[in-house]
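Each of the next two complexes has subunit A plus one other chain: subunit B in the first, subunit C in the second.
Showing the complex of A and B:
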């Protein structure tokens, strides 16, 4: 009869690796699409795709809570506002022309790749050791783990970030709602 | 040989079970849609003192079949100024997200079959309720993209309204659900139902139920919150330019979203599969769940035929200045009571 013992690799692990690789490559391609596409609507859609891929990566690394939050906050709330603005202002294709900005962009690309090489020279990144081990996270759940860490150890930076966002919101309302000089209405 | 094959697949049995469950739920959801359309038309007829569809088959039950055949064979017209790729993508997104968000909904209690304990859900993930909010938030892109790609004023306005309405009412929805999360201390839907074994949360949190239901009606774009497709002002909103099956797919998405939202309300507030009066097992659990969902669906239809559509600025004022403060107040009160 047939012998299946020659199948010595773990099907699940191989599939997992392949899926992680494909999602990662898609994320990079989508990120390239954001900066290379000329139509603003497609740029926004590529950005949404990129964020979905990041959420999928989080999901593949068993961080369900972070994945859900990533989709709700970035792919959901932030990007819908982007699309809203594009729809309101009318997305027109940009003209491609050679300019000083391109040289600046090239410079940035050079700096980034140099930094990438430097970081590759330094070696592997080290995981940050905390109170949570994988066993403990499966016990309490990833949402609780994130919550405990965020509201105990990183409370001050968290609150500072929320104050920063509040200041930005108040500033936008001030700019939009109360102009220094009252606008002159056109005579009817 | 069969033994070998069985032995080879044994470690992956949960994948096979999951796949079968996924297929069953996806097919059941899409099959529910024509029935729901029929129910809505019959009930609307009764509410408006007329008969509704009653010519095709007994009680007009053949009407949804004939309608779907008609929609399938209609010519698909795409105007030349539309963005073809996005135009095709939009209805697919709507249906895909609508079916996907049902994946974490448990429809009855776990039961045993062939010695395997089977959970009646596709996935029982740790933060199930967040998953539903996330995926149903993605569904709105289908509507916005439909509005943008159609290259028509009515569609664009429909898409814009859709996104604005979504952002406004998602907050209330989330905060109303948060008070339940605070009470149960878990984001898992199964845990939430289990903590309602004694008493459903609608009796403990009536205000949160009301807020959640109103925001849920607004989220599914049903009347009286159907501003994105207001027939009298926007022709048909974001799906003005769509024909044939692509047009029908938007409706499929809307009806599946209705089912998902009703299931979510059932799980969060009405005690899910808890029967309370009947003996509790998987079958009665499913019947109780189905009954509650069907009741809520009829309630949706009842709302549609009772209330007129509200004005756009009133919609925004209602959402931001009335529902949201009450929801935040309710959340604060719940958390304070929980801590005390």
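Showing the complex of A and C:
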């Protein structure tokens, strides 16, 4: 009935770019909230928001499986662990005053950031074209595509990751098990 | 909205994480800053895996998540142990290695 083929822009692509931009900026702002809040509990909540934004970006970049893992592992397990520890230790507010050390840290991080931007502008990256186009990923499914690659070409890192998790579990049990004598308070 | 956006956002988040690690004195928030840095690398890998039509970046991101989970668990256990012995949660006061 209506022929829109003469319109030169694709509304979906424009909306996609706008959504990616807004979610990316929100992720950066949430990261700023993490390091600028005084109270640790608010920092943890900002970090959860940041991870949600990143999961959304992963979804927009056609990595559905990683987005689900991000929500479950990071925003679920790791942040619950953080909140437990904050509740256990008591989230005391931290006084934030401006000092010379912080000024130096700001300069250092500014230089680091400038270097990262410069390295982004050095040149074109190697134009690799893999086989996993979004259409192909939609066809086989993100989890299946990741699984096929993980269990065929990347089997050794997968097994090493399982060993790493085992070592971490044993280490945490060793840390938590042995009773520690409280230190005598020494005069400072 | 090409690879430059991915690089820009990732570099910003990484720098914010590095700044937080340096200027904060609460070890919990320092760990959160480390999480920020790891997350920025994850974002870079996923974005480029989409740009380059390869799925290796997603595998890398999965391994990084495993490392981050293990690191957080061990780090929080160490923080808890330090708190049990010293009753103090300020990294500036931790100036001796002996427990």
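In this text, the second predicted complex is superposed on the first by the 138 of 188 C-alpha atoms of A that agree within 3 Å, B and C clash if a C-alpha of one lies under 4 Å from a C-alpha of the other, contacts with A are read in each partner's own complex, and residues count from 1 in each chain.
Rule of thumb we're sticking to: contacts are C-beta pairs under 8 Å (C-beta built on N, C-alpha and C of every residue); 3 or more make two chains touch, one makes a residue touch a chain.
For clarity, every value in this text was computed on a predicted model and none was experimentally measured.
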Which of subunit B and subunit C A:48 touches, first, second, both or neither: first
When both partners are placed on the shared chain, which of subunit B and subunit C touches more of subunit A: C
Contacts of A:108 with subunit B and subunit C, given as first, second, both or neither: second
Partner chain(s) touched by A:65 [first = subunit B, second = subunit C, both, neither]: both
Touching partner for A:12 - first (subunit B), second (subunit C), both, neither: first
First (subunit B), second (subunit C), both or neither touched by A:40: second
First, second, both or neither for A:83, with subunit B first and subunit C second: first
Which of subunit B and subunit C A:150 touches, first, second, both or neither: second
Subunit A positions touched by subunit B in one structure and by subunit C in the second: 65, 69, 77, 81, 86, 88
Subunit B contact footprint on subunit A (complex, rising order): 1-4, 7, 11-12, 41, 45, 48, 52, 55, 64-65, 68-69, 71-72, 75-77, 80-81, 83-84, 86-88, 91, 141-143
Partner subunit A, residues of subunit B touching it in the complex: 1, 4-5, 7-8, 11-12, 15, 83, 86, 125-127, 130-131, 133-135, 137-138, 140-141, 144-145, 147-148, 156, 159-160, 163-164, 166-167, 170, 186-188
Contact set on subunit A toward subunit C in their complex: 16-17, 20-21, 24, 27-28, 31-32, 34-35, 40, 43-44, 47, 50-51, 54, 57-58, 61-63, 65-66, 69-70, 73-74, 77-78, 81-82, 85-86, 88-89, 92, 94, 101-102, 105-106, 108-110, 112-113, 116-117, 120, 125, 127-134, 137, 145-146, 149-150, 154, 157-158, 161, 164-165, 167-169, 171-172, 175-176, 180-183
Of subunit C, residues touching subunit A in the complex: 1, 3-5, 7-9, 11-20, 22-26, 28-29, 31-33, 35-36, 39, 42-43, 46-50, 52-56, 58-59, 61-63, 65-74, 76-81, 83-87, 89, 99
